[in-house]
Amino acid sequence: MNLDDLRTEAERRLDPVHRDFFAGGAGDERTLRANETAFDAYRILPRVLRGGGARDLRITLFGDELALPVLASPTAFHRLAHPDGELACARAVAAAGTVMVVSMAATTPIEAVAAATDAERRRARLWFQLYPQPDLGFTESVIRRAEAAGCQALVVTGDSPVFGWRERDLRNGFLDLPSGLWCENMRDPQTGTVRNIVMDDRLDWARIDWLREITRLPVVLKGVLHPADARLAVEHGVDAVLVSNHGGRQLDGVPASIDALPAVVDAVEGRVPVLLDGGVRRGTDILTALAFGAVAVGVGRPVVWGLAARGEAGVRQVFDWLRADLARAMTLAGAVRPADLTPDLILPGAAG
Amino acid sequence: MNLDDLRTEAERRLDPVHRDFFAGGAGDERTLRANETAFDAYRILPRVLRGGGARDLRITLFGDELALPVLASPTAFHRLAHPDGELACARAVAAAGTVMVVSMAATTPIEAVAAATDAERRRARLWFQLYPQPDLGFTESVIRRAEAAGCQALVVTGDSPVFGWRERDLRNGFLDLPSGLWCENMRDPQTGTVRNIVMDDRLDWARIDWLREITRLPVVLKGVLHPADARLAVEHGVDAVLVSNHGGRQLDGVPASIDALPAVVDAVEGRVPVLLDGGVRRGTDILTALAFGAVAVGVGRPVVWGLAARGEAGVRQVFDWLRADLARAMTLAGAVRPADLTPDLILPGAAG
Amino acid sequence: MNLDDLRTEAERRLDPVHRDFFAGGAGDERTLRANETAFDAYRILPRVLRGGGARDLRITLFGDELALPVLASPTAFHRLAHPDGELACARAVAAAGTVMVVSMAATTPIEAVAAATDAERRRARLWFQLYPQPDLGFTESVIRRAEAAGCQALVVTGDSPVFGWRERDLRNGFLDLPSGLWCENMRDPQTGTVRNIVMDDRLDWARIDWLREITRLPVVLKGVLHPADARLAVEHGVDAVLVSNHGGRQLDGVPASIDALPAVVDAVEGRVPVLLDGGVRRGTDILTALAFGAVAVGVGRPVVWGLAARGEAGVRQVFDWLRADLARAMTLAGAVRPADLTPDLILPGAAG
Amino acid sequence: MNLDDLRTEAERRLDPVHRDFFAGGAGDERTLRANETAFDAYRILPRVLRGGGARDLRITLFGDELALPVLASPTAFHRLAHPDGELACARAVAAAGTVMVVSMAATTPIEAVAAATDAERRRARLWFQLYPQPDLGFTESVIRRAEAAGCQALVVTGDSPVFGWRERDLRNGFLDLPSGLWCENMRDPQTGTVRNIVMDDRLDWARIDWLREITRLPVVLKGVLHPADARLAVEHGVDAVLVSNHGGRQLDGVPASIDALPAVVDAVEGRVPVLLDGGVRRGTDILTALAFGAVAVGVGRPVVWGLAARGEAGVRQVFDWLRADLARAMTLAGAVRPADLTPDLILPGAAG
C-alpha cells in the first residue's frame, strides 16, 4: 500500500538492537522526525489539463541515464538487515534501472557487489560512498578498488568529522558488528585485516582537491546544508552536491533536508546537479524536491526496510512503488517529465 | 444541531467499506483533513449595527436564481448510501431551490433524476459532471443525454488524469459497485452495456475547446487550484471555475480549497464566477469563501451524510441547516446579501 | 491560588445545565477557547530597575476614578449562579472600587442592585447594559429606570442582531429561566409582565444617534472588532468602545478579543477610551491589553465563578486576586502606573 | 547519556516539596517550558570540511580564562539538594575550570565555599549573586564578604522587585528553609542572626551606580530581556549583561531567554559581553546561544540535578557531558573555537 507497510514488517523482523541502529538518529531525534514531517508542510499546486499520456521518469546524471530520479542512498551494514545484504540491494537497484550508492561500511566487498549485478547481465550502476581516511595511502587504495569494480562516482561524506551522538545505540551498547560481519571495504590490502572507519576531524577542502587529483570519477559531496558550502563545493570542482543531514544521525537540530534544499539550489545556480536525501517516503516528496530544483533524491531507510522485510524482492518493491507513486503524483500535478516540475508548484504552508 | 450529527448517524448506518469509500481520501489524507481544518485558521471580523432585517441569500448563476449560495457538489454512487439514491438527493436539492451537480458516476440515469423533480413540479436545477472520455463519440452521446434531460451546465472534472491513491479502498478491496448497481450514465447507447469510466491522462485544453464547440451549455471547470490554470480557463472560454481538490481524493498534499481560493479569485479578475468545494461544514465556512470572492460553494460529503442517515429528508436537513446557519452568520457579521461579504471581513490567523 | 480554583469550585456547585449556559460559546467554541489561549501567544518584555515602590492601579473613566483597571462585564442571570445574585456581585464590585456593568438580563431589578450598594454606604458605580429594543418607547423606559437608579453609563451591545448558536444550550434544552426568576429589567412598567429581550436584526447606527439624543449618559459601544466600526463609533459620538466578542457566544470564528484590540486602538487614535473583555484570567492578561492601549478590561465568567463558588465573598476574591496579580505583574514588568504600559513591552510569539 | 538521566535520578531522590521548589516556575509556567522548547525552534546550518582537529572551548571573561563557555548560574539552597550543598558544587565547578555564581541564598557561607576550592588547590572562580537590599550598609557588608572571599564579579539580579507567583510552592506551603539550614550570606555581622532577603520594589539604576562606586568588582546585570535595558546597562557602566528570565520563576509570559537574546546582542553592540541562562540542556543549545552572540551560557537546574543525584560527582558529570556535547556539536557544525560560531549558522524554524 505504501512504504509504511514494509517499515512495519521490517521492524518486526529485525533484532531490536539492529532496528534501533537503522531507525535511530542523533540526540533528541528532532532532525530525524523533521525529515519526514517537513515535507507535509509544503503544499503542491497542481496544474490541470496538461495531457501527455504516460509519464517519462528518466533523468541523466553524469551522462548516464537513470530510469527514475531516485537513488539508493548509502546505508551501512546490509547483512544486519538480511543475509543477502548488499548483493540483494544491488540486484534490486539494477533491476530498477537506477544507482546504488554502496557504503564504505558495507558488509560485502565492493567487488562482490559489482559482480552480483554484472553476473545477471543487468547494467550495474554503482557509486561508492567514501569517508576519506587520514591515511591517504589507504584512502587511495579504497578508491582504486571502487574504480576497478566499475563504480561510476565517489560520494564523499562531508558531515561526519566525528560520530553523531546516537543515544539508542549507546543505550543498547551497539558498538561493533556481530561476529562474522566486517566492513569489507575497509580490509587492508597488505594485512588482510579490517580497519575501523576513522571519522576525521581534520578533513577539509584540501582533501577534496586531492581526491579530484587522484581520480577521474565524478565527486559528489554529501552532507551539504549551508549555501556557502554549496558555493565552495562548486568552486572546488565538485561534480554534484547532495543535500543531506545523514538521516538525522549526525548533528541533531539541523534542518530537514527539504527545508535546506531551496537555498542550496539558489547558491549552486545550476552549475552542478543538486541531489537530496532525508525523509523521502512518497511520490509527492520526490515531486517536491524536484520542483525545488533537485535532479534526483536518495532513499536510505526505505531500502533497509525492503531488505529486512523481504530481501531483494523487498527492495524491488520499494523502487517499484516509488516509481508508480511518483508517476501518479506527476500525472496529477500535470508534469510529464521531471523537468516539468517547477518551483511555482510548491507553496509553503502549515503541516496538515 | 450541526452536520456532525448527521455524519455520526450516517457512519453508523453505512456498510464500513462504503463508509470508507465516502469518507476517505488519497495517500495520508492530509488534504482531506486540511479541507476542514483550514477554515478554522481564518478569523471573521464582523461588522456591527448594519441593520437590514431578514437576510437575502439568493444569488444568480448563469442567469438563473438560486435560493442560497450552496450547491450539491457531484458525489458518486448515491444508491450505496440510500436505496432512493440520486432521486432522493435531487428532490431535496430541488426543494432547497438550488443546484444538484449529478455525477457521471451516478447509480441512477440522468433522465430519471431529471424526471424525479419534474414529476413533482419543482423546478429542477441539474448540472452534469463529466469526465471527458477518450472516446469522443461516446463523450458526446453522454452530453446529449444530459442536455436532453434538461441539465443546465457541464461540470468538467480536470483534476483526474488518473485515479487518486485511496488506501482505504485498496485495503478494503473496494473496486466495483455491488451487484445490481451500475454507473447508469455510462450505459452504451448501442450495446446497453455499461462502460467503465476512463481517467484520461491525455486530457488537455484542446478537449475543453472541443466541448465548447459541441454544446451550448455553460462549462464549469472543476479542480482548479493553480492561478495559472484559472487564467487559462478564462482564456479558453470556460464559464466558471470551481476551486476543488476533489475532496482530498486525488493528489494528497495539495492545499485545502479555501487556502487556494484567494489566488484563483485574483487571477480570474471577475471575468467568470468562481465556485469552491471542500470542507464546507458551517455557515461561517460559506461566509469565508464568499468573502474571498466565491459566488457559491458546493457541499459533497454532507449531502451523502444526509442521504445515508435519512434519505431525502436528511439531504433537506443539510440544506435547511446550512441556509439557517449562513443567514445567522451573515446577520452576526453585518451582511444583508452575499454581495456584502468582502475580503476585509477575513483575517488570517492561527487555528483556534 | 488563581482563578481556576474558583472555576473548579463553581463548576462543581452549578447545576450542569446552568454551568453549560455560563461556560459555553457559539458553534464549535473556537472563539471561546481562543479568548483564553490568544493571550499566551504574546510575550511580555519586562523593564528592570525602574523602582517606584507600591503600584498605583487607579484609572479614570468618564471623569470617575476606579481603583483598578478591571470592570465586571455584563453577565446574565446571576441568581442562577447564587441566590444573592446581582446584589452580591454589586456589593463585591463596590468594595473593589470599580464598575459593575449590570446586564439587561439581570435577575434582580436595577433599582435593587443600586440600593444594595447605597445602603452600605459604599459608592456604587453601575453601568447599564442595553440591548436596544425595537419598541423605542419601552427602550426609553428602561433607560430612564437605569438613570434613576444612578447608573453612570449605558453599554450598548452591538454584536447581537440575532442570538448566537449555542449548541450546549440547545442540547440541554435550556431556553427559559426557571420558575421564579425573571429578567427584572424587562418588566413592563404598565402591565407588570416581563417582556422577552428581542435581538433586533434592524439595529443600526441611527439607533445610536437616537440613544445619544435621549440620554446624557455616556454611551459605550460593546462588541466592536472591525476597525472600521471603531471609526464609525467615534464619528457617531460614542464615548467609549468595548472590544468584545461576547465571550465567544455570538459568532464563532471571530478573533480573540486581544487579537482584535491593536487595530481598534489604531483606528480610534485616542479619541475615546478603548476597553476590552474576553479571556482575561491573569494579571499578565490585563497588562497585555493595557500595553496595547486598552484603558481597562472587563471580566465576565470569573465574576460568575466567584459568585457561584462563594457568593459576594467569591466575587471579592476575584477582584482581590486580580488586583494583586496585576500589581505583581506591573512591578515585575517595571510599570508603576497603568499609563507606563506601552506597546514595546509586548512581542508577538508562539504560544508556549 | 544526557542530562535527562540526571534529572530523573534527582527527581527520584528529592523530597517532593523541594523537587517542586527547584523545578517550578511562576504562574502557568509558560516561560519555564518555553525556555527549553524555544531552542528546538531554531535550526543549525552546519558548515562542512573545515578541519581543525580537536576543539578549543576556552573563552576569556573579565581577563580570566574559562575552560568552557558554560557557567553555573546562581541557584538557591544547595543543601536542600545534597548535604554537601554549595561545597560540592564549587569543587565540581573548579574542577571543570569554569565559574560558579554563588547565590546570595546559599546555605553555605561564601567564605566556606571559597575555602573549599582553595584547600584543594584548584583555582576557584567564584562570582557572587546579589539582591541589593534596601539597607545599604548591610548590602555593602555582604559585598565586602564576597570580595574578601575572593569573588571575582558581582551578579546583580534586576528581575526581582517582588517575588514571582510560584504556585507549586504556595500549594506545598514551602515558605521557609527547614530547621538547621540558613541563608548564610544573610547573616548579620553584628547580631549573628540571619536576615530575610528583601525583594526591593524601589531598586533602580541609581543603585547600580552606587554599587559601581563602592566596589571594583565587575558588575554583571542579570535578568535583562528588553533591549532598551541592555542599552541602559551599558550606559550605567555595567560590565556584562546576563539575559535571563530567572528560570521562568519571576514573571510568567516573558520570552524564552534564547528568543530575547538576539535583540539584546544588537542593542549592546559589542560594548560588553552578553551572557544567557535559561533552558540550556544540550551542546546545540550552547552553540545556538553563542552563534547569536552570547559569550557564555549559564546552567542552573542541571547543576541542581547533578548535585541532588550524586553530589560533587554529579555536578562534574553535568560539566563533563556539556563540554563533550558542545565539542561534538561544534565539530559537526564546523567551528573550531567559540568565536567561529556566527549568526548565519542559525535559522528560525518550526519546532520539530
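For reference, chains read A, B, C and D in written order, and residue numbers begin at 1 within each chain.
Just so it is clear, a residue touches a chain if its C-beta (ideal position, glycine included) is under 8 Å from a C-beta of that chain, and two chains touch if they have at least 3 such contacts.
These numbers come from a predicted model, not from an experiment.
Novice: Which chains are shared contacts of chain A and chain D?
Specialist: none
Novice: Answer with same or different: of all residue numbers used at the interface between chain A and chain B, are over half used by both copies?
Specialist: different
Novice: Could you give the separation in Å between the centres of chain A and chain C, each centre being the mean of its C-alpha atoms?
Specialist: About 61 Å, centre to centre.
Novice: Let me have the rounded angstrom distance from the C-alpha centre of chain C over to the C-alpha centre of chain D, please.
Specialist: 43
Novice: Which positions in chain C touch two or more other chains at once?
Specialist: Residues: none.
Novice: Among line, ring, star, complete and other, which best matches the way these chains touch?
Specialist: Contact pattern: a closed ring, each chain touching exactly two others.
Novice: Give every residue of chain A touching chain B within the complex, in rising order.
Specialist: 1-2, 40, 42-54, 282, 284, 288, 325, 328-329, 331-334, 344-345, 347, 349-350, 352
Novice: Give the list of chain B residues in touch with chain A in this complex.
Specialist: 27-28, 30-31, 33-34, 37, 41, 158-159, 161-162, 164-165, 167, 170-171, 201-208, 221, 223-226, 228-229, 232, 250-256, 259-260
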